[in-house]
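Both of the next two complexes hold chain A, though its partner changes from chain B to chain C.
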Partner chain A sequence: MGKWSRRAFIGAGVAAGGALVVGVAVRQGNPIDRLAPLLTNGDNEQLLNAWVKLDSDNIVTAVIPHVEMGQGVYTALAQMLADEMDAEWSKVRILEAPADKQYVSDSIGRDFLFPDLEVPALLEPTVTGGILELAQAMGLQFTGGSYSVRATGQRAMRTAGAAAREMLVEAAASEWQVPASEITTADSMLIHAKSGKSEPFAKFARAAAEQSLPAKPTLKSPENYKIMGQPKKRHDIPEKVDGSAIFGIDADVPGMKYAAVKAPPVIGATVVSMDATTAKTMPGVLQILNMGDFVAVVADGYWQAQQALGTITAQYDKTEADSLDDDAIFARYASYLDEAGEDGGDLETEEGDVATGFADAATKVEAEYKVPFLAHATMEPMNCTAWVRDGKCDVWSGHQAPVNARQAAADAAGLDFDDVTYHNAYLGGGFGRRSTSDYITMATRIAKATGYPVKMIWSREEDTAQDHYRPSATSRFRGGLDKEGKLVSWDNIHTHLFDPKDAPTVPYYNIASHKIRKVDVPMHLRFGPWRSVDHSQHGFFIESFVDELAQAAGKDGYAFRRELLAESPRHLKVLDTAAKMSGWGSALPEKHGRGIAFVPSFGSLVAQVAEVDMSGPRPKVTKVYVAADPGFVVNPDGFTAQMESGIVYGLTAALYGDITVKDGAVQQSNFHDYPVLRINEMPEVKVELINGDHERLGGGGEPGLPPIAPAVTNAIFAATGTRIRELPLSKHSFA
Partner chain B sequence: MTTVRNLACLSIFLLAACGADPAPGPVEQIIVREPGAAPVETAAVVTDAAPAGALLAEGKAAFASCSACHALEQGAPNGAGPNLFGIVGSPAGKVAGFSYSNAMKTSGITWTASELDSFIADPAAKVPGTTMVAGAIADPAKRQAVIAYLESVTAN
Partner chain C sequence: MIKLNVNGQAREVDADPATPILWVVRENLRMPGTKFGCGIAQCGACTVHLDGKPIRSCSTPLSAAEGKSITTIEGIAAEDGTLHKVQQAWIEAQVPQCGYCQSGQIMSATALLEKNPRPTDAEIDAAMAGNICRCGMYGRIRKAIRAAADIEQPAKVEA
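Coming up: the complex of A and B.
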């Protein structure tokens, strides 16, 4: 479709069930005729634009093109829309957008594809449309990368709210015969002070539809925020407390049967044959399937399916990975790094002359760090319910990229995208695991084979051993200090690079020369984005090495970082805040230590100070002080919770996280051998938030994680003098 | 009836039909029965497993819901309910380390199969004052299966 035509789409909107639909704030084309029937119920609800619905009871519904996986995004995004619209918060409801390509987040696409692109008018259709096409090709209706608030919220939800407000004002001005500039809005009311008139938004919903879509709605400046910046209660919490929340695993389809699955222990192997003699006779069993890449049992109940599956013996073919173990994988990393030497590998970034800088350095420091594979261990194991029949397919699950999930189901069912309906539910943890679609594909293939609806649930063992893992990695550093102990040379080479590409870089540290390279090494296990992705390892590598350099320079870790950040006041403030919160420099009991780490990621600056107690046989992290500057905090309660949960997840990995490989297979299976942090191990966490730049927001979901591991290991060094260069800490003895 | 279909050719068909990267169908598909159809195998027609085996399997499956509170392995700790290892034939209220209600302690019951049966059917009716507030099994056949399973678990 060419240029957006207001008339055309208003007509279409009225036709679609009587719902009046207005405007697509940052959309080219006219999706409303298709979206209105998906989103509205009868005459009483008006879809104001792709993100706003207004009903006759003056309820404003924010349509959220992101998924809720515990991060509170529904609430934060609704706050952004409601604030710009001047909606009454208690009358704001939330609806997750359908898995429709119209909701593909072009604002995310823009950040992925053109991070530095400044669009003069946010609504400029050509630019947006072009990026939208690219984003659609990439299937981004994506929740991840800590992008929701900073991209969709900042660029789409706020604009949509402001546009809806302006259209309502225009409608009221026309009805009341007063200048629009004399009309104010507050709490979902339109007010004309001079004449004393005031009416609820709902009264003008239809008339608003007849107004021109504002070319560039005026966004509020921070001093006028009423809802943004407030710790509004999470919309999803009550139903998660009372148990009524529906997760993917709760899908309930009439006639649904259950599938249990088992894939070859060596990922990538094929099931050559299976012996299902016993399984066939077991209660409830309906079908037993060798799908080639996995075995499935379909039964009346999940337990029956799982019990029958347990009796099946399968033969797998041999693969090259059969002899692989961790030593071999790390040996391979080492050989690739050795081969790259001082100049090989792929150059990521270079400034100045590292070789000369290092040669001339008064003090030279070298170190190598390693991290293991990590599983996601979401509380809700992978699951998906699918029904393929009559040329149609319905799929129920929780997925971070619903459009991708819908496409995966279409491919698996052999159907067109349009013949698949994807029903997304809450995600019982995502962390990146639910951005891959393997479990959608598997369930759809099973359902296609059976012809009736099937809910496939992975056992915890399957979930642990068949994950897409945070890769293990090795990183080597050489650093040079001048005779004043100033860092002048930084040379790093590490294995593989996925995302974000800036994770290994340290542009915020003032270092005269630096060079960062990578080598791509086959690693056998499947890569999966894992909360904070490459920052999860590079945060540890970089901030450990900075601490080693500080030690070599005879300087305090905090003071050394201060020098490196001296020209970046915003960064410095974050570092200083964390240090001050922690009482940095004050005395601690014997065998206690403090460590500091600073990692900017996903647009947010985060510093953490950890305190550890090393008096026992194992490290105990007692306190963590967090200072974070994401530009502007939309919901302080939600953002704080994200910092805390990033620490839980990152501390779990630092203390215990270790997926190991033997004979090509993952050895861990459940929480006894892949433990997660327990409540009695949780440190006291204090968070201070800084609003450093309200125009360029950073993310919240991931940036809390990268600093925790190095803050803890630096604290262990402070307490014991032992430098940890390999995670997890459970590998090390402190007795 | 058990039917086995070999559908290896299906994936080739899909490959032709869909072009790139098709999702393969099953290599082997064993259809034991259709949904809603009566189970084809009953204890009587299972030839390679003794009838007792089927009963025990059913009991074991049914015990899964009991295992939320009761351990059944020798020496395993008590949960919300006592460890039931060796319970059949034992006097009530005597499992070491479990804090019984007075009602149970003084019940004088010996857990024969029939005593267990009436207790599991309605614990509060059989022993008014028992702390077993969940887990009653209404289905007599299922109770029999669970009791048979309890009896079958012995040290080995």
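Coming up: the complex of A and C.
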């Protein structure tokens, strides 16, 4: 037993399940008693700490407190742990942490809640403890915000691996009666070269528990990394090529039935009445439920449930949103912005005197940009299987915040958190959509009503029309250039619909004066984080306006950005790399154009150059060059894949993404009217990675997205002289 | 009872002949590798082979498979478990991210190479344009298909 004071983590060795289980907790209190049975299978497994398990076969299991939705988090975090532990990579296994509040990531909670918090070392334990409580209250066992590697990996997994290694070394030193400093570790072996002794880690797992806990384990410096920085193959891929990977929708519970659901088209309306006369008579139909906020049909098979649901007619009550359409929504934005005028709204950031800067400017530029609502359109529609019986509840699904999902099920079932078991599976796409729990709540309510296990699956139509959307927005800019064409004044006001806000509130460019304001606008739709969150809008706004300013200054977009980044060498290197990759400045065929954009987000710096071919009726993006600096790249192939993925997600939105509202209801329903990028439209993507600061890591899942839309629209301007100020591109005619 | 052959085995299914093959495979036969994505043949996640040809199982009724052979993602590896060359190429090129669309992608790719062992890039795009991947792994899909067709070897990713 002992205390591990670093960041208020307290560790303890504990026996559980009749076997000696070794533990080092990385959380306040002593969670090992409770966690050990969740992680271990029998007597011959040793729990080294809440993040790593060592069994008698010398297999090291990394316990990953994040969910896998394709971002490669299982593998990247395991690489970080295994490297610090000196584990043999081929003998590393991966286990997703149970949905337990002890796995709530305080480091995530802290970064999420107070991203720039700096506290004196003396106060650190108190502050971290307070944040941990807050994070737990919010249920932050969360995968999102591109946080896993830079927060959990950097702070928890590496520390846990290093601590485990040091304890094993101490145990071997004690047994072998040699100084710990003479013992080396490699490939899950402890080695004492002088005496020729060499034993596997597992031999000392038990003894390691009795060692004093390292106060501050020593982490490797980059020149000693063996596994970090390597393009290790992802652990989850083999089962994703043979059909054996289990997603939430694949839950198989004996005796389960299937539910199809339909909610009122206008979000927020309720089902006043329904006619289910035909549905009742249809084969396989077991129950038809008016849940108030939606209708559910439960049947022996999902198709039967869907068929029956399709025959039901329902009446909904009137809401204030019933008359709302897109024109009215953007008119509302305009009126709120007009009302805010030159000084209203909420001030987000201000430096220098923008008004004077603008008044004195030699050249003044003004522009307004708009982006639409967007759906997530994960490939796996929302779904959840639930079984409520005998004061207990089991829930199967894929969710980005399993603790939240468990709490949502408990609330819906009217049970305590401890009476709910949540089984998380692979997520068939997350992108922020699976961070909200509406579908967990719905399935649990249905299961509570039936008493037997029910798998609820949303149709694609429900998934599209009942999403938690990326907000639409209008953003207005005024910029001033001096006589030399230098940007001296930046004034921006934009609409804002959804918190928490995670947007670039300060331009990352060096501008003498700037002022940024927002106006909150009420809206009936539900919103949620959408890959890269506010950066998806503001990256387009900012990088479009910078390009307009460059043009007004008579300068090349790349050269203009270089001037603004002159004092930021790390930023400049990223920008220069992308420009160089693209052959910036070299000749292109007629009606082809090149556009550049640079957006730092989630701690990573990303610049992109897009090439477009405007010779046809629609823009064709042919090439995208990407330079990215996330500090240090843990898995280069995985990070590259995230860049490619972010580009496709962002390019889809730029070309097509458009959720529109008529009479208060979302008009899109499926991939025919909410089209997404397909393989025949896929540009060639080239990625270069830069390790610019190994102590401050950035994320990978989201930062690849924000630059693509402005890179493309800036390229369209270069090719055609047409400035795109409103997305998607499908709204514009280029004939 | 409707008789059909699934992955080389004779099966009898007691279901409405109008039921889409997707739900028969997933629910009646308890083979969940084939995925539901859109229900209207727009996304390709449900792709299986019917007598060797790729079909969208969400929009093809069970009656169309009566007396015929269906192959799903669970049925393309060799009997000894050796993965199909397309599956191997998929791992080598590290194609899947979330993985949800990949059964359909692989079934479309295997059908393409069966019919056209050395497709051009344009033929790859044409054959695969019906399969959506929201993680956007299209570049890797192209690479993996070219590798499986021995047109190009992808860059090695470490084990």
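Please note the rule applied: the second predicted complex is superposed on the first by the 688 of 735 C-alpha atoms of A that agree within 3 Å, B and C clash if a C-alpha of one lies under 4 Å from a C-alpha of the other, contacts with A are read in each partner's own complex, and residues count from 1 in each chain.
One rule holds for everything that comes next: a residue touches a chain if its C-beta (ideal position, glycine included) is under 8 Å from a C-beta of that chain, and two chains touch if they have at least 3 such contacts.
Computed from a prediction, not measured in an experiment: that's the story for all the values here.
Colleague: Let's test your reading of the overlay: on chain A, do chain B and chain C clash or fit side by side?
Modeller: Chain B and chain C clash in the superposed model.
Colleague: Check whether A:M379 is in contact with chain B, with chain C, with both or with neither, and answer first, second, both or neither.
Modeller: The second partner, chain C, only.
Colleague: Is A:I191 touching the first partner chain B, the second partner chain C, both, or neither of them?
Modeller: In the superposed model, A:I191 contacts neither chain B nor chain C.
Colleague: First (chain B), second (chain C), both or neither: which does A:P283 touch?
Modeller: both
Colleague: Counting touched residues of chain A, say whether chain B or chain C comes out ahead.
Modeller: C
Colleague: Look at A:W303 in the shared chain and tell me whether it touches chain B only, chain C only, both, or neither; answer first, second, both or neither.
Modeller: Both chain B and chain C are touched by A:W303.
Colleague: Once the shared chain is lined up, is A:D242 touching chain B (first), chain C (second), both, or neither of them?
Modeller: Second partner only, chain C.
Colleague: Have a look at where A:V685 lands relative to chain B and chain C in the superposition and call it first, second, both or neither.
Modeller: second
Colleague: Which partner does A:L588 reach: the first (chain B), the second (chain C), both, or neither?
Modeller: The answer is neither, since A:L588 touches no partner chain.
Colleague: Now that the structures are stacked on chain A, which of 25-33, 61-69 or 133-141 shows chain C clashing with chain B?
Modeller: After superposing on chain A, the clashing stretch of chain C is 61-69.
Colleague: Please write out, lowest number first, the residues of chain A touched by both chain B and chain C across the two complexes.
Modeller: In the superposed arrangement, which is not itself an observed complex, chain A uses residues 283, 303-304 for both chain B and chain C.
Colleague: Under the definition above, what is the set of chain A residues touching chain B in their complex?
Modeller: 255, 257, 271, 274, 276-277, 280-293, 300, 303-304, 307, 411-414, 441, 444-445, 448-449, 452
Colleague: What residues on chain B touch chain A, complex-wise?
Modeller: 2, 7, 11, 14, 17-18, 21-35, 39, 41, 46, 48-49, 57-58, 61, 64
Colleague: Help me check something: in the complex, which residues belonging to chain C touch chain A?
Modeller: Touch list, chain C to chain A: 15-16, 19-20, 23, 27-28, 30-40, 42-43, 45, 72-74, 77, 83, 87, 90-91, 94-103, 106, 124-126, 128-142, 157-159.
Colleague: Using the touch definition from the top, list the residues of chain A that touch chain C in their complex.
Modeller: 69-72, 89-90, 230-234, 236-247, 249-250, 252, 258, 283, 301-304, 306, 377-381, 426-431, 457, 459-460, 637-638, 641, 644-649, 652, 670-672, 676-680, 682, 684-685
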